[in-house]
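Take a look at these structures.
Shared between the two complexes below is chain A, which has chain B as its partner in the first and chain C in the second.
The block that comes next holds the complex of A and B.
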């Protein structure tokens, strides 16, 4: 049986990485974004053609073709993704409204010494309502965070990739 | 000075302090994080505003023309992020070296940091000294994460009992593959002054200058979480002038580098070997260029640098 690559999330806090900070399990993140709704797995695997279209549309690399998607009972989508941090991956979740706009993003797992300001609610709120048509560029429509530039840019790129994935493979 | 010291033991106290510092950081279980990704080449990644760091360097220089030659250079540094674009540092530099029949014509020749020492050609020499105190400031103009290319300017004055230096650098950085592949280039211009023997002055000594001009480059790939590895290339030139005149030496070094970066701690190690690409110049000392490698001043066959830092 193939292990789900996200199955480690609930136990990440006791992993060998002594300084990992896990803020949510997958279920907790789902309830934070879609409180009271039921979410059903709707995992998809991108074709090479879809991956290329996403990269062409966003100028962001598609690192995994297996997309971890859940469909919310209210019609929204929950996507769990990861981006490169300074030393380790940053795991984050994007909740989409039924129309494909961003409902909310949450940082699920962050393990860096600096840059944790990407968890700041005001910074994350900038993504609310964004669609795949938005520029989603740091220092353009998304504010940079001084001292957390790498994390802020990669999370911004990640959300842009998630929105393009919705438009190309989920809609 | 140490003509009678036939055994030339390692400077155990100096080495012991360095090891304790490095191990002390490594044993901090809550620690771990990053920054100096290379041993020799600087990047434009700086400390965030208000962040502090203690950094310890140890550089081992080994093997001249023949005989015995070792030099250990230590640097203990405190860094502070004044703003997200400006980082300053203060550090102490100290060195120990030993030499025997290592120089041109088989003469015992102390390395550059001990150039003021008059040593018998057949002496088993060793010495240690406090080299000086350095201040450092790095200002980042462009970030590789928002501007595509990183650009920073570096200035570092050093003042010691018989040594002065003003080291300046232009630092460039370009990242690829989601910032997992880091490349960097440094141009260094560093005039330096040493208080050396000079028969033409009443005191018998005077401040004499030379200029180091270096072109260094490096790349490193983050092959696993927290770990990156790559290569560094160091091209050093020395001139007996402030400009590109009266060149005495040029050396080319290349070797692997490995880096571990954690949340509040990093350690980086780089090993370099001099490549046989050196050529004679107008002011090259006779007998110091052997087999395409130059062994004058601070040029040697092998270098190993280990850097460790702790953030708080």
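The block that comes next holds the complex of A and C.
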């Protein structure tokens, strides 16, 4: 067999500027992290002083002073937060055990963009088929992008901020 | 929790990236199967992290020459595969390069790594002993960054299969493996990362891609390398994407590095590993090796 060769292939590119996935509604995420428990809203608004303390403790910016928190009937906490990277916008949920340790982290919503599309309400229209192959079924065909090695650094920083928020404003 | 559908998609921050798992099958089993798959990835992350002080990798890196170190069978499995690939590639693939990565600032410096000393050890110097034990013949440092992510994906797939899941896709920051329903796979065009190139439809295999465009962050023109083009009086930008399709994700992950560093020797190694490589650069797309059973869109 003659395999020791590189063979050229035709390229058919699809132009896209937005890639998005929603994993959970808030309620679904709550039930995934605290199955069977009741969650009661316990939203808090950070004072300037608390926000400063959190920033000093973590070196991470506090973008929103309104913190979306729920208290689970078993004593745990559910916090919904978001992080914005250069090209991605991620909503995620952190479940804390009653002692404040991390129980579970779930990505709730993920959006990736390479321009101003994230601000555009018609962003779905940005998907443009430019291939001779079958028309794209959005959100079905473009799930599997090999090599889209996105950093989880923003989420990691966000979790740090959530833990500091717990220590300073919830505990 | 009652489930409406028989497929679920979840994502968690793990392995320094976002890991997404989509699984389909009997609704009642899916949450447990997904939980077990994420737990399997967490375990590999713990064992093979360069940063965690109690990981197998850190214990190997802390050990002096001639000291025997007991390691987990998972770590042992990865090291044996790495050794096989090092031999196949004449050392192009080598996990004992962490001292270079530390010196260059890609990994945090550890004690005992001299700032200017040449790389001392090679893969020959990490002796793999029976019973999941290893020993340095000559002191070195390992990093499994080029291989552990793929292995973690394989472990997640094993967990999903063990739970009777009908089909699944595990995606660890672009290292993919799937079984069940055939899956269309895309890769970014390295010239314009906002464009996706369809690679084809694959089933029961793994696809990994190594490319400059996301190694730090996406910029308009890829990653600048310390190599100067004298005609342009500018640094060369690395705009090539190397994808490997292989039976498992550890093989696919590791082979992307081999193809990138040793294009000449790559065809023979790909054949030995029953893998296929697809390279995309400004000249177009080319492939080499054994095509996996798939309806390749591009073919």
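By definition in this document, the second predicted complex is superposed on the first by the 111 of 171 C-alpha atoms of A that agree within 3 Å, B and C clash if a C-alpha of one lies under 4 Å from a C-alpha of the other, contacts with A are read in each partner's own complex, and residues count from 1 in each chain.
The working rule: a residue touches a chain if its C-beta (ideal position, glycine included) is under 8 Å from a C-beta of that chain, and two chains touch if they have at least 3 such contacts.
This one's a predicted model, so the numbers in the text were calculated from it and none came from an experiment.
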First, second, both or neither for A:87, with chain B first and chain C second: both
First, second, both or neither for A:144, with chain B first and chain C second: both
First (chain B), second (chain C), both or neither touched by A:98: neither
Partner chain(s) touched by A:111 [first = chain B, second = chain C, both, neither]: first
Touched partner set for A:41, first chain B, second chain C, both or neither: neither
Partner touching more residues of chain A, whether chain B or chain C: C
First (chain B), second (chain C), both or neither touched by A:75: neither
Shared contact residues on chain A - chain B and chain C: 86-87, 114, 144, 146-150, 153
In the complex, chain B residues that touch chain A: 29-34, 48-49, 51, 81, 84, 143, 145-146, 177-180, 222, 225-226, 261-264, 311
Chain B contact footprint on chain A (complex, rising order): 18-19, 61, 63, 83-84, 86-89, 111-114, 138-139, 144, 146-150, 153-154
Residue ranges of chain C in contact with chain A within the complex: 1, 9-14, 16-18, 20, 22, 31, 169, 171, 173-176, 178, 183-189, 192-199, 207-211, 214-215, 217-218, 241, 243, 267-268, 270-271, 278-280, 284-290, 297-299
List of chain A residues in touch with chain C within their complex: 3-17, 21, 23, 31-32, 35-36, 86-87, 92, 105-107, 110, 114, 131, 133, 141-153, 155-156, 159
